[in-house]
Structures are given as structure tokens and as C-alpha cells.
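Look for chain A in each of the two complexes below; its partner is chain B in the first and chain C in the second.
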Partner chain A sequence: MARIKGYPEALEAKLRDRYVYGEDTNGKFTETVEKISMSIPHMCYQCGTCTASCPSAPRSSYRIRKFVRRVALGLETEALTDPDLWLCTTCYSCTDRCPRDIAPTDVIMAMRNLAFKRDIIPVNFLKTVQAIYTTGHGVPNNDVNRAARVKLGMDADPPTTHTYKEFIPGIQKILDYYKLKANADRIVKEREG
Partner chain B sequence: MAERKTKKETASTKDTTAAVTKQAPAKAAIGEQPQKAKEARVGVFICHCGTNIAGSMDINAVQDYAKTIPNVAYVDNYKYMCSMPGQAVIDKAIHENKLTGVVVAACSPRLHEPTFRTATKEGGLNPFKFEMANIREQNSWVHMHDQEGATDKAKDAVRIAVAKASLLEDLFPKSVPVEKAAMVVGAGIAGMQAALDLANAGIKTYLIEKTPTIGGRMSQLDKTFPTLDCSQCILTPKMVDVGRNENIELMTYSEVESVEGYIGNFDVTIRKKARGVLSVGEAEAMGIVGGGCNGCGDCEAVCPVVQPNTFEEGMKPRKAIYIQHPQVVPLLYTIDFESCIKCELCVKICGEKKAIELNKEDEFVKVKVGTAILATGYDIFPVENKTEWGYKRYENVITSLEFERLICASGPTGGHMVRPSDGVAPKRVAFLLCAGSRDNTGNGKPYCSRFCCMYSLKHAHQLIEKMPGVQPYIFYMDIRSFGKMYEEFYYRIQDEGAKFIRGRVSNILEDPGSKNLMVFADDTLLDRPMKLEVDLVVLAAAIQPAADTNRTRKLFGVSCSMDGWLLEAHPKLNPCGTTTAGVFLAGACQAPKDIPDTVASAEGAASAASIPIHVGHVELEPYFAVCIEEKCAGCGMCVNLCPYTALALIEKDGRKVMQVTEAKCKGCGTCGGFCPGGAIWMNHFATPQIIAQIDAFLLGGEQ
Partner chain C sequence: MEAKHKYAFYLGCIAPNRYPGSEAAAIKTSRKLGIELVPLKGASCCPAPGAFGSIDLNVWYAMAARNIVLAEQMKTDIALLCNGCYKSIWEVNHKLKHNDELRDGVNEVLKTIDMEYKGSINVYHLAELLYDKNIVGVDKVRDSVTNPLKGARIAVHYGCHLIKPRKDREFGATEILDTEAPTWMEELVGALGATPVEYRQKMQCCGAGGGVRGYDIVHALDIANEKLINLQEVGVDALTDICPFCQLQFDRGQIEIEEKFGVKYNLPVLHYCELLGLAQGMSPQDLALDLHAISCEPFLQKVL
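== the complex of A and B ==
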């Protein structure tokens, strides 16, 4: 630090070492992601069809192509700690169009699973878990929606756990089995106190 | 000395080939085999292939084991058996040890069987007294990390080969005469070049073309990369040469209907589709003096039926009686009977020339040829299947072949490059490379179509040259500029101002008002998604084998690879040959090829196809089936099983027996395996030989 002699923090970040070192790559990571995603990210030829299809890319720094590249090279830490990992909307446009028949969306989902095992996950995702646990919905119905539904001639609540609340314990049982709720509660507590 | 003696012996036996082979089965009746095996003295030669084999197994252990196998009289090993010294080892051992058979344990017979057969012959034995044990492709290469297992497997392979070598018979290749004529199917640049080469070598050549004119895809192109020659200008002289060459019998608007026979003697039936128009020659033959079509075009002027011209990719009209473009060879009108309404206006205007016959039907012509070349070419992949690019949905998305016609001076717009929606010259043009190529989704082609990069560079150049101020954008994944002066051409186009964007286009949207197009891609080098508004999009669509390729290849018994391209005999060392003797491949029917490669391939195919014709006869591998007439019940069940129509039932001495046309028989063994009476003897793969191999394997060497 001292040798940079008082450069501003932003410049210091710009001047950091950017080499990819052999030690950064982990072949096991590539294998694990392929196994979970049941896809073939190592076959990517970096054409960019995925990023060009991506509704997230034009309005964020999320680059699905770069994530697939990181998997191919086994850059585990770089991939899992990049907060962009959570900007995929899972619309599957990239999966539809990938000329190499890779499912980039599933690759992202696989990495999210691996990240979660390390407690790397944004709090809003965990709040979704909590919402599912209590209501059976990631985005529960609200009064505005209910009014709109009634106006369109539908029941105020959809025929899901909103209407059949007796099925909520079943959902809770699944989430409890995988300790998803407990982990979510724990991490939220750690972050928000 | 020894060698000379052998040759003489072979020569003297050649005359009696037929007799010897016919007698072979009777002589080698199953009961006599063990007796024969006892007399066999087999030499085993184990090849190290450097470390290819020796690195994965214990050669000494295999050698020691081979010495214990019954009938083995001599065992040796050498670093490279296929080398001259290696072959000398075999030659010497045969003489010194009075060997009756040779086994070489080495690579695949596909590679070196001919080499070791020659070595066996040099040693004074019949070349068919040789058997190969494959201990490389089927052993050391696949069991690289299992030394012990590989060694055991090699022992098995040697034992099995020795069992067969002990029972091998002398065989003599059969010679058949070759008809001094050839056929070329398809008259694009490949077929034309092949036909010209054959004809100039003095061979009568039938050139068959399904469309009304020769010239093929190349005649649709405006300019050719990287020299920028006008395509028609360099092609038409060749077309005229083909039309004039005395040795070429040109049959346009014709298709191959059926093929019978084998190398040297193909009987081909050709369907001459009803053209409705007589050539000058045909008219003369019918006694119409001064008649026949002279290409005046009066008929076209009066014809009331309008159809799209396929030569112009449907962008220009033609009549029901038409020529595709002004430079057609032969200059002869054709009636499209699908759309002709038989109003007879053309007949009237044609008058005394009497060239038009509206009641014509297809005719069939039979010709005999010694060899044939397939040059059936390619079609454009239906790129509308990739719905994200909107071809056929958005007016201003066109294919590269449509671009060629639009920029060509003789094309539908007279060479004025305009966009289809409004006839206005475009200012920004996007070229999409790999449009359907390098695509593993199943909706597309997994291969590289090979010339799209280069013609798209050429298109960019043509725009810049013809229309100052136009900006071409080339969306690419890799620029594959592999040929002579191609990379230099790439440099030139970049210098001229084309913009290269390294990213594949994900989708295109149309502005319904302006009909402009929004092109979405990831500029992977800038690492930013891109939305580019352009006036025209040109899809460098993938190519695929021409529509009728599958039908034609089946007629000639040629295989195709997984993607439909016709299969060559060897991808590197025999790219023009096929697995059917006497049938060769030229041009893009084998794989995507640009013009220089197509012409080179055509000249290669012509050269290969002329060899049997110039030699005058071909030697066939003597692997054919032989009928043991005493055992044959004449049931005829084998006749229908034969995939090569080589078998027939004949009357002999008052009863029916099967007869093999040896030149047609490929020795596949279908009949031999099936015959309920065991009356069919497969030369070189005879039942006792195969049983001995199986026994050797199952009994592990115990007798």
C-alpha cells in the first residue's frame, strides 16, 4: 500500500494485478458445474449470442458470456464472488439461441447453488425463500393484484396455496428437509441483525 | 532371382485363374482342413511401431508366446515392420524357413495390408497367404494404460491370426475389361472441369445435368474472391468448351434414372426430361431442314405465363418457355410443363423452325461407362429455419446468394444494389457470418461452410467500391481466410473500411415503418451488447448437399457421412475416391469447397477416373463368393439377399444352381452366412477359416 504513495483508492483499484494465474483455475469446478447444470459450458466458443439475447445485459454489468468463460477455465472464486451472478432473470433466451447447445441459464443456476453453499447470496433472494416458506409464493399476492384480478373477472386469489392454505405445510416440509429456511434465516440475521 | 521366378509362376497360373478358384472349394472340403493345418508353417512378425505398440505391451512376452502356438515355424519382431528392412525380414524368413503363411501383428489392415501382401509375394508365396493381427488401433492405442491386458490381448490376436493363416488358400485377382467411356453427374464448375479433363484425355464422356443449362452455382455469382474476377467471364469460356468438345456428350435437363453393373461396366439409364423444344441436331435427325431452336427468343416474347426465375433466386420473372440467363449452354429454350397452358402461341411464332413440341414426354437413354464421377454440388440451407434472424419474415433480410444476384450487372436490378422493401440503396449493411453453420442445436449445420467468410469480405468490398458512403458491418466469430492470398484480401477489406464486430447476432427486429432492422449482438471484444440499426441484412447462410444428392448417391452405391456430404474413400489419402470401385467425387458434393478447391478436386477425380479406363482392365480383390454346386439345392434364397445383385440362378446339367457374377460380388458374406446348405464358399473368409479363428479364441490355444 505504502509504495503506491497516496494514490486515490479508485486508481489503486485500477492498478491492481489482473493476471489470470494457473492457481486460479480449478478443473473440478468446471466438472461440478457441468454435473449440476447437466450442460456443457466447456464447449463455449464465445460468440456472444447469449449476452446479445440477455435482457439484463444492456442495463447492467451482467455478462453471461463471461460467466460461461469462467466455468470453462475453472475460475471458481471469480465466478462465485461476482455479484453479477444474481442478475440473471432466468428468461432462457440464451438457452434458446446458443449455437453450441449449451444451457447458459442452467449454468448460472448451478453456480448460484454452489455460491449459496458458501453463504454467498444476496439478502433479497433469501427473503424470497422466507416468503415461499410462509405463503408458498416467492412474490405473494397483494391488494393491487387482487383488485386487478377481480376487475378482470377472476377470483381475487389464484388457485394456489393462496386459496388452498392447507398445502403450505407440505412446502415447508420440503424447505426444512434441505434446511433452506434455516440457512436463510441464519444469513439474514447475520447481515441485518 | 526369387522374385522373378515368382512372377513367372503367377503369370502362368493367371490364365487358369477361373479354373483354380472354382476348384478351390472342392479341394478344400471341410474334412481336409485339419490335415492341411498340420502341414502349415506360419511365420509371425511383431511390429513395435516405434513406441506406438511397444510402449503399451511386452513385445518379448508376445513373441515367446507366439512360439508356443501350433503351426508357428518362425517368430521375429522389428521396430518398424513396414520399413524396407522390416519387409526384408519377412522375405528372408519365408525362404529360410519354408513358411506357408505369414502373420504380421501390427496396425490396421486398412493401412498396411497391401504392404505386407507385397512382402509375402516377394518371399515367393501367394500374397493372399497373409493375415494381419491388429495390435495397434484395436489394442495398444485403446489400452494404453493397461500393459498386462494389452499384452494378453495381443497374444489372443496373434493366436487367432495364426489359426486363419494356417488355412489360407492361394487366390488370384480377377481382371475385368473397362469400357472406354466415363460419366459425370452434375455440370457445375466441378462437373464441367472433370468432363473437360476426361474428354481432353481422349475419353468419351457423358455429362448429365438436371437443369436446362450447365454452369451451376458459379454462374450465379457476380465476382470471385480474392482476385475479383467476374465469375461469368471466367466461367463462360469453359461452358462453351464443354458445349463444343467432341468427346463430351452433354445431356442437360436430364437425370440418372438407374445404375447397374460395376467398375468398368456401368449400365446407366438416363431420363431426358421432356423439354418440349428440339435442338438443331434433333430437328435435323427428324428431317426438319433448317429447323430446331436457335435461341431467337420469339417464343418467350409471346408466352403469356409468368413464373419466378430460380436462377435469379426468384427475384426476376420468366415465362413458361424460358432460358435461365443469356449465356446458357446449350442455347436452347425449355418449356416448364408444370405451368405451360398449351396455348400454342409459341408454336405459331416459331413457325417453320418447328422447334416446339407441346406433347413431349420423358425419354430414357441407356449408356455404358467404365467409371463415373459425382459432382452434384450444394444447396443453400433454408435459413428461415433460424427464426431469430427473420429471413422471409423481414423483407430486408436476404441471403448472400440473393446479394450476388442483386449486385450482378446481369441480375434483376441490372447491378443496382437496392433493398427489397423499397428499392432504395442501403447505407448501412450488416453481414451475418455462420448463419446456420457451426451450429450444434440440430436446427443448423455443425460444420463450417468454409467459403462464407471470404465471399462476405468480397461483398463488403463490392459495396464500398460501387456505392461510396455505404458502411458494411461484418458480424463474425472467426474470420477463416485460409487460402492463397485470402488473408491478404482480409487485410485489404479491413483497410477499405469494413467494420468487423466479433460477435454472433442473437436476433433481428424490424421497424415496421421504415423496414429498417435492429441487429442485436454482443461485441465480445468491447464486452458490451450492441443494438445496431441497419438498412439491409445479408445472411451468409450455411450450405448443405444438393436436394437430389441422396437419391443419386444410392443409385451409385456411394455412402454419405453423418451430415449428408458424400463419403470419400479416405479423407486425406483418397479424397476423390469412394468405397464403390469406379465411382469418384468432385467438388462440393463431398464437403463445402470454394472454387479453387472444387476445380482441384474435379481434376483429381478426372485423373482418378481415367486411370482404369487408360489401363483398360481392373483387378478385383478375389474375395467373391463361390457356389459349391454339388451342395447347392437351387433354392434361390440367396439371390434376393445379395445387396449387389451379383447372384443369379442358372440351369446347369438339368438342375438349378446359383451363379456368382464375380466382378459384382464384394465378398460381403451375406449369402455365405445365410445359405442353409452351406453351399456358398466365401473366398478368404471361408467357414473353416472363421471357425478356426473362433476356436483359437475360445479354446485359448488348446487344440
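== the complex of A and C ==
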């Protein structure tokens, strides 16, 4: 009988390891994306239903199927540095239709989280953080709107953090816990001076 | 009518700070349908699921949880009127209820501000409450109408984050789980006396979400423009939505589309609560419709 190397343990270990190893690939990346996204991109069989459902695909080079493949192959840098990563509108059409029950949208979100750790992030995202840090609102009130509210018989400011400002320090504490404001300020300053 | 159902009204940002008429309309029209909306004091941005979810999902969970805890302290379920807010507030509530590890992580942060997420309340979108016959239902909506919007052809933009991803969602009315060709909003439009109109690619996104409107406005507008072309093809008097962010994208977006692409549609865009307000006899002034970027006049002339 032929000698079978380490059978069955070695074979089982191999079958359990679903990550790809190579010069530009990082199996850890696949694993991390799966953990953050709570999804299973390694199950993708590249049918393209996601790209066919994607409103961003016909008007750009963004291909969600390609991004899911990059995750499966562990192509970390290629995925995180591609500016198309930011063209997903998070419409979830792909997630609704994926025959493998993958959530490509959440896979994209996980990759964006990892990109942010490398300071790769569009500034507009950070400006929302800054607005919330000071006012509690991503889209704060303004004078035209205050006047309109008063005309409607409402308070000039809504009963949110705009009126109850004592809640703002709590919000700042949450954001500071994750050092989000400090990082946002630093990156915005680096980009815009 | 005596209020049978009471909810903490979670406002978000764009409704109170850009389209306050929809906030006013939501409170007033709900009261006529047996729903009392009470202020959720000290609530913040949901926070914006595209921006915050992209940067760090953990921050998104914690910030949304803070808003949920405010309602838990009132022992009151939340109602809201924005799909984006629904994504943050409903989905984070759902995730924290079902994932102990996530909940513990969030509670560690909340502890620093003397709060604790318990998972004791539910979150609803007003549109789903209006449709759900155990709460309001289409018939009661129809009965509340004093000024039928007769002769108006109105198309629906469902938006994404109330109904998608379908496999995570739970609704009292199962019709809402149809994300490919739903008609429950058309039923609600019909109940106001208007004619609901179908159009090509009805379920396509407005293009604004995921931070794309801020990141690449031309790309975002191009998606909205495709929908406007499809709407023009069938001829409608107004587009209705259940999301102030979609509303901003279609309303202000038309001005930007004119600047950038040189095309003009002049299509009035109204939140369903605003339409319901008109149908229940509120005036355009009561709804601050003059704040809309695209004039609602031609539509109003038809229905008033």
C-alpha cells in the first residue's frame, strides 16, 4: 500500500485551511474581513450577480465581484488602495441577490474599516465625524431652517442634542474612546493643511 | 382619536434640520391615526451608516446604541421616518439583541457615560406602522383623508435601507419583505386618492448612500438622474419617498443635475408624511413646502 503522508490529519488540516498563500496575498486579510463583515466571501463562486445588480457598476470601473474575489485571494493592498472601494452606495441589492448568501456590501464595509486603519479614507467621511463631535448632528441645523421651524410653530431647534446640549459630552466620550476625533482632525489637516 | 400607540420619535438630522415640514407632518398625521409621537430628548445623528460604518463599525454600534438607550430609559419603542436612521437604529438594535459579544463590547463603552444597552425596546419606521393593519393599515389611512389627492400621478421611491438586506429584516406586514417588486407603498399612495405610477428600475438606489454623495457627487447624481429619466418616461406629478436623505438627493439633486448635466426635470419630491399631511388637510405653509429646492406648485395646483 502506498504511503500516505500524514493521512488523515494532514489532509484534514489542508481542507480546513481555506486561505490562499502567495507573494502578494495575505490569508489573514481574508479572515479579518470575514470577522468584521460577519459574512463568508470565501464562498463566492464568481457568478457576477452582485455586479449585475450594482447601480455603481454601469457608470464606473467599480466591480463588486472583483472585490469579493480579492478578499478570497487575500489581495489586501490591491483591494484597500483601489479608489473604487468608495463607490459602493450600500444599496444592498447585491446582498439581497447573492446566491451564495454572501453579504458583499458588508464585505465592502469591512474593507473600508481596514483601509481607514491605513489612513485611507475620503475626507467627507471625516467631516461628518467632526460635525457630530461638536453638535451631535451630521447635518446640523441652520438659520434658514430655524426660521422655518418657528413659522411652523415648532421650536427653532429640534429636541435633539441641538436643544439638550448636556448630551454632547457623552457623545464626545464615545468618539474619543475610539480616538476617532483625534484621527479625523489629524487626517483632515494632513490633506487640507 | 385617542392615541393607542405611543412611540419615542427619533428624528435624525435631515428631517428636522432641512425638511422640518415632514417632522411636523409626521407628528400631526400620526395623531389622527392613533399614534402619539413623543420627543426622544438628547438624540443625536443615528449616526450616518455610510460614513460611520465605513470608518469603524464599532463606533457606529456604540453611537447608535446611545440613541436606543435613551428610548429604553423611557420604556418606549422608537418610531422614525428615515431609511438611513432605520439602518442604524433598527439594525444595531437587532444586532445587539442577537450577538452577546457585540453587546458586551458596546456596553463597555457605554459604561464610561453611565449607560447600559439592555435590548428592551423595538424600532419601527413610520411607513411600516402606517401599512401594518395591526397598528394603522391602509383602510384607516384612507379614512383619515379629507382632501383626496385626486388626479395626481405619483411614483414611489422606496429607497434601500428600510427593506434591504431582506434576509435580516422582520416586519409585521410581510408584504414589506418584497424587495424586488413591492407595491405596499403604492397602496398607501392610492389610499390618499392619488394614482400610483410604476416605472422602470423602481427599486434602484438614489445614489447618495455609502458616503458616495460626498465622495463623488457626479457619480451619485448620475444614479439619481437615471431614475429621473425613467420617471420622466412615464410622466408623474410627484415622486414620494420615505427617507429624507433620498429626498435631499432627488430634490436638491435636481438643481445639481441641472448645473452639472444641463438637464431639468422640475419634479416635486415629497416625503410620504408630507403627502399624507396634504391629504389630511394641512396647508403647504403647515408643511414648509417652500423649503423644497424644486417647487411643489404645479403639483399643489393639481391637488388643492
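Of note:
FYI, the second predicted complex is superposed on the first by the 144 of 193 C-alpha atoms of A that agree within 3 Å, B and C clash if a C-alpha of one lies under 4 Å from a C-alpha of the other, contacts with A are read in each partner's own complex, and residues count from 1 in each chain.
Here is the rule we go by: a contact is a pair of C-beta atoms (placed from the backbone, for glycine too) under 8 Å apart; a residue touches a chain by one contact, two chains touch by 3 or more.
Since we're looking at a predicted model, the values are computed, not measured.
Within the superposed three-chain model, A:160 lies in touch with chain C and out of touch with chain B [touch as defined at top]. By the touch criterion defined above, A:65 lies against chain B but remains apart from chain C after alignment on the C-alpha atoms of chain A. Of the two partner chains placed around the shared chain by superposition, chain B is the only one that A:51 touches, whereas chain C remains out of contact. After overlaying the two complexes on the shared chain, residue contacts for A:30 are found with neither chain B nor chain C. Residue contacts after overlaying the shared chain place A:99 against chain B, while chain C stays out of touching range.
Residue by residue along chain A, chain B and chain C are tallied for touches, and C comes out ahead. Shared interface residues of chain A, touching chain B in one complex and chain C in the other, are 93, 101. On the side of chain A, the complex with chain C involves touching residues 36, 55-56, 59-60, 86-93, 95-96, 101, 103, 105, 109-110, 112-113, 116, 121-122, 124-129, 132, 136-142, 144-145, 148-149, 151-154, 158-164, 166-167, 170-171, 173-175, 177-178, 180. Looking at the complex, you find that chain C touches chain A at residues 11, 13-14, 16-18, 20-21, 23-24, 39-45, 47-59, 62-63, 66, 109-110, 112-113, 115, 160-161, 164-167, 179-180, 203-205, 207-212, 214-216, 219-220, 222-223, 226, 285-286, 288, 290-291.
The touching residues of chain A, counted against chain B in their complex, run 43, 45-54, 57-58, 63, 65-66, 93, 97-101. Against chain A, in their complex, chain B makes its touches with residues 388, 434, 438-442, 444, 477, 502-507, 520-524, 527, 529-531.
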